[in-house]
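Chain naming follows the written order as A, B, C and D, and within any one chain the residues start at number 1.
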Amino acid sequence: MKKIINNPDDVINESLAGVAAAHADLVRVEYDPAIIVRVDAPVQGKVGIVSGGGSGHEPMHGGFVGMGMLDAACPGDVFTSPTPDQMEAATKAVDGGAGVLHIVKNYTGDVMNFEMAAELAQAEGTNVEAVVIDDDVAVQDSLYTAGRRGVGATVLAEKICGAAAERGDDLKTVADLCRKVNANSRSMGMALTSCTVPAAGEPTFQIGEDEMEIGIGIHGEPGRERMKVKSAKEIVGMMSEAIVSDLPFNSGDSVIAMVNGMGGTPLIELYLVYNELNEFLKEKGITIARNLVGNYITSLEMAGCSITLLKADDELLELWDAPVLTPALRWGE
Amino acid sequence: MKKIINNPDDVINESLAGVAAAHADLVRVEYDPAIIVRVDAPVQGKVGIVSGGGSGHEPMHGGFVGMGMLDAACPGDVFTSPTPDQMEAATKAVDGGAGVLHIVKNYTGDVMNFEMAAELAQAEGTNVEAVVIDDDVAVQDSLYTAGRRGVGATVLAEKICGAAAERGDDLKTVADLCRKVNANSRSMGMALTSCTVPAAGEPTFQIGEDEMEIGIGIHGEPGRERMKVKSAKEIVGMMSEAIVSDLPFNSGDSVIAMVNGMGGTPLIELYLVYNELNEFLKEKGITIARNLVGNYITSLEMAGCSITLLKADDELLELWDAPVLTPALRWGE
Amino acid sequence: MAVSRDNLVAWIEALQQVYNENKEYLTKLDAAIGDADHGINMNRGFTAVKTELESNPPDNIASVLKSVAMTLIKKVGGASGPLYGTFFLRASTAVTGKEELDAAAVVSMFETGFSGIIQRGKAEVGDKTMVDAWTPALAAMNEALDSDASLKEVLEKGAAAAEQGMKDTIPLQAKKGRASYLGERSKGHQDPGATSTCLMLQKAAELWS
Amino acid sequence: MAVSRDNLVAWIEALQQVYNENKEYLTKLDAAIGDADHGINMNRGFTAVKTELESNPPDNIASVLKSVAMTLIKKVGGASGPLYGTFFLRASTAVTGKEELDAAAVVSMFETGFSGIIQRGKAEVGDKTMVDAWTPALAAMNEALDSDASLKEVLEKGAAAAEQGMKDTIPLQAKKGRASYLGERSKGHQDPGATSTCLMLQKAAELWS
């Protein structure tokens, strides 16, 4: 294992200390339990938005805490859902009297821990709604299984719900918006290499020098299929076809598109992927209204990328364009 | 070689097409010769700022084209200086009558090609000044050699000179500022893994599973020393000590600090490095006034990081804080 | 024998060692069909449990179980944190006020704890989860109880059935938890959570005899 | 023999093949002490040169050299682009108006081109650059000219001296170019630019005889 770290057990706390030192103007960090909170939280009268999940997906979620996006993030251990006491502390810290939305990625652990936290917070009088994000088309959806995973749509939901909360929407409206974003989003990822969980010390999976994994999860979970590395055009074609046909996205649709790096893929490749995606969608008559290209929801140092599309309407675009001021995403004013 | 690309020969053009599609509001891209130009260039009466260099360092330089930073960037082949005709075209495209500053990283190729371009542009009546950036303390400086390499300070110089040009400073003032930034900046990098030039198809260097390279260049050039991987604290200590003692930076100094990822190192590690740097500087009585943590000047998918410090004064901080609106860096307004 | 508070604590402390020794093994199993952390999670959880029991020793059986539960809930995260946490929390409600547990009380403790796992995780037999170890184990233990077996015999039957259940997860396609994302590809691998459950029961059978 | 326009073009086109065949070799040399692109650069440059000569065939020696120069300047980049580009640009000024080049004219062409390399790159002998191949090669060619050797003999002496100069770069510590960043560690490796120069002269010796 090659990482620039000290003790594997200290990675998260020491990285959080770096976040605290680098972004003291935007966020404050608490360590026991670990949460990253918007510096001016709780904002009175505003719906608080809390998300969280395993660490190792930076900048998500901590990098999205700030004006116009999250009020707090709960960083779990690497690839492990945070614990209910973190979520409860975050919920309390951001409760400005208008209730708190939990944005939860659909993983058994995340869902169960957030459920326990919501029970605890509600018992103490905070109004909590939870929305579960499940946008990954690589996974077969079914009533009888854990369902699809939550991936890239989480970033879009956090941005859009953050903007809605900022303009004063109430909890139900913000939660409904979150459900709307989720219902209209689809994602798929792929990997060229594995990642290595610091505490595990070894790559999560082995993959040949000429192989790639299509449909990979953001925790290095194996995907749909292992195959020989294909061209960018073919890779984007496979992923986009799966995404577009699932919702489905139709000719005439306008979308917010995210081309996301898994952590170890350079920007030059992500823009090349964006170019292929743009061409692919053009052929289908789908227009990209807004885009994000970069590392937003990563898997440590994994090489690979994911694509997320959200069917956009005027309301979503207006919220997308609203100002945001966080360590990892900022525009507007 | 594992990359998400089509033909290795098309990587740069296809990636540029992605940039053009993703950021049409900020930049326009020309292909023959290849340049990335601010969408509203030339800005009449404003000093134009052009930089450029080999590709593979994204977001530098193309990601820094836009209001408050570069007017144009010239992307060369991967790790190969761009050619004079690119630089000449960029210079012409951004000449708003107040002259053009070339910000050149100190590599033999870059310097010679920019020299030829300046000769060409001046012959056609554009006033050009060139400033060569050479901030890498890993390399021994000497009158009899090619001198130090230009690395991280380039990003800081582009931001600060861009702000100065935006507020209306004349060419000499902007160029002097660039020299001031360069004179007060020092950097050093390290790598855990090699990068692979797409056209070469193989890693530039071999490095053992337990080794790192200290003082690496941004083109995978070997560094000062190969050694066993050390802890983050030791790595940051070695790099920072070399940086701080070179200028030197003294107790009481205020700095702009950049912790930069080489492309394959996840953000969680970069923040951990920033934490170590902050601790190191605190002990020396040096204060970080501003910071950047992320991938700004990369070496394709290389795992590793670099540290850049710039001794700051009120003027530099004011220019640093001035608004910037580019694909890769944005704040203010 | 009957299980005292100290026997219970000895078991829990032994589990810390069990999960420490099996950290790599459980993590490897999880790498194949999950996210390569189950061993790390269990080890982190039980290390914290042991520290907490040492610094704040609870004085009776129910409070020991409750302390274990709260620590697991706080320190583990993931799927196994709430599942094992809820298990111990529920288990404690089955033994409130008891100073010693005979064979029937031990089985009832496990059974009540297990009902928490079901309620929290909503998995069924055959979903390729820890439920596939618990279900046959509880059936075997109840059967042994019915034929008046000793605590040792009851636990050994339970551990053996858990082991069988654990092995039987290999051909299954996962329906719950992270492994379910793999669909068909989850077949051919042993479920990590069923394995950690089996280790838990084996240790009880070894110590409480 | 004397070198005609067509002989010149044949040499340039042959160089395209030379650099194509030696692309990996030159790039490997550059990987050791540079940035692993010298072979790629030379191959890209001379491929473009060949295409340009084919689509816009210049009609005399000087304009052939100028066309090569402009293409290299535009297509190569890096250090070798301006260096070889300037070399051909200057070389063309030495042969303006000539229809054929005898031995003396060929050496004068190389010598004038070389002065451009010196002016552009400011390297000295011993700095571990292409200058270390050109300098002994020009000395050997001039010496051969003085003793009235044939063009073939002149070029063979030049190529041999370039090869020796190229090998002699191995122990040197680089003072110019990317390799200079390595300091002591640049010792023990052959300079890629000296190698591409040697290949250029070897091909001339082979063809112009």
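Everything below uses one rule, namely that a residue touches a chain if its C-beta (ideal position, glycine included) is under 8 Å from a C-beta of that chain, and two chains touch if they have at least 3 such contacts.
Note that the structure is predicted; figures quoted are calculated from it, not measured.
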Chains in simultaneous contact with chain A and chain D: B
Separation of mean Cα positions, chain D and chain B [Å, integer]: 32
Between chain B and chain C, centroid-to-centroid distance (C-alpha), Å: 54
Geometric centre distance via CA averages, chain B-chain A, whole Å: 29
Per-residue overlap in chain A, given as positions that touch at least 2 other chains: none
Chain contact topology (line, ring, star, complete or other): line
Each pair of chains that touches, named by its two labels: A-B, A-C, B-D
Touching residues (chain side chain A, partner chain C) in the complex: 33, 54, 76-85, 107-109, 112-113, 115-116, 136, 138-140, 144-146, 149, 197, 199-200, 204-205, 217, 219-222, 224
Partner chain B, residues of chain A touching it in the complex: 2-6, 11-12, 14-19, 21-22, 55-56, 58-59, 63, 192-193, 209-210, 212, 229, 231-233, 235, 263-276, 278, 288, 291, 293, 295, 298, 300-301, 303-305, 330-331, 333
Sites on chain D touched by chain B in the complex: 27, 31, 33-37, 40-41, 44, 73-83, 120-121, 174-178, 180-183, 185
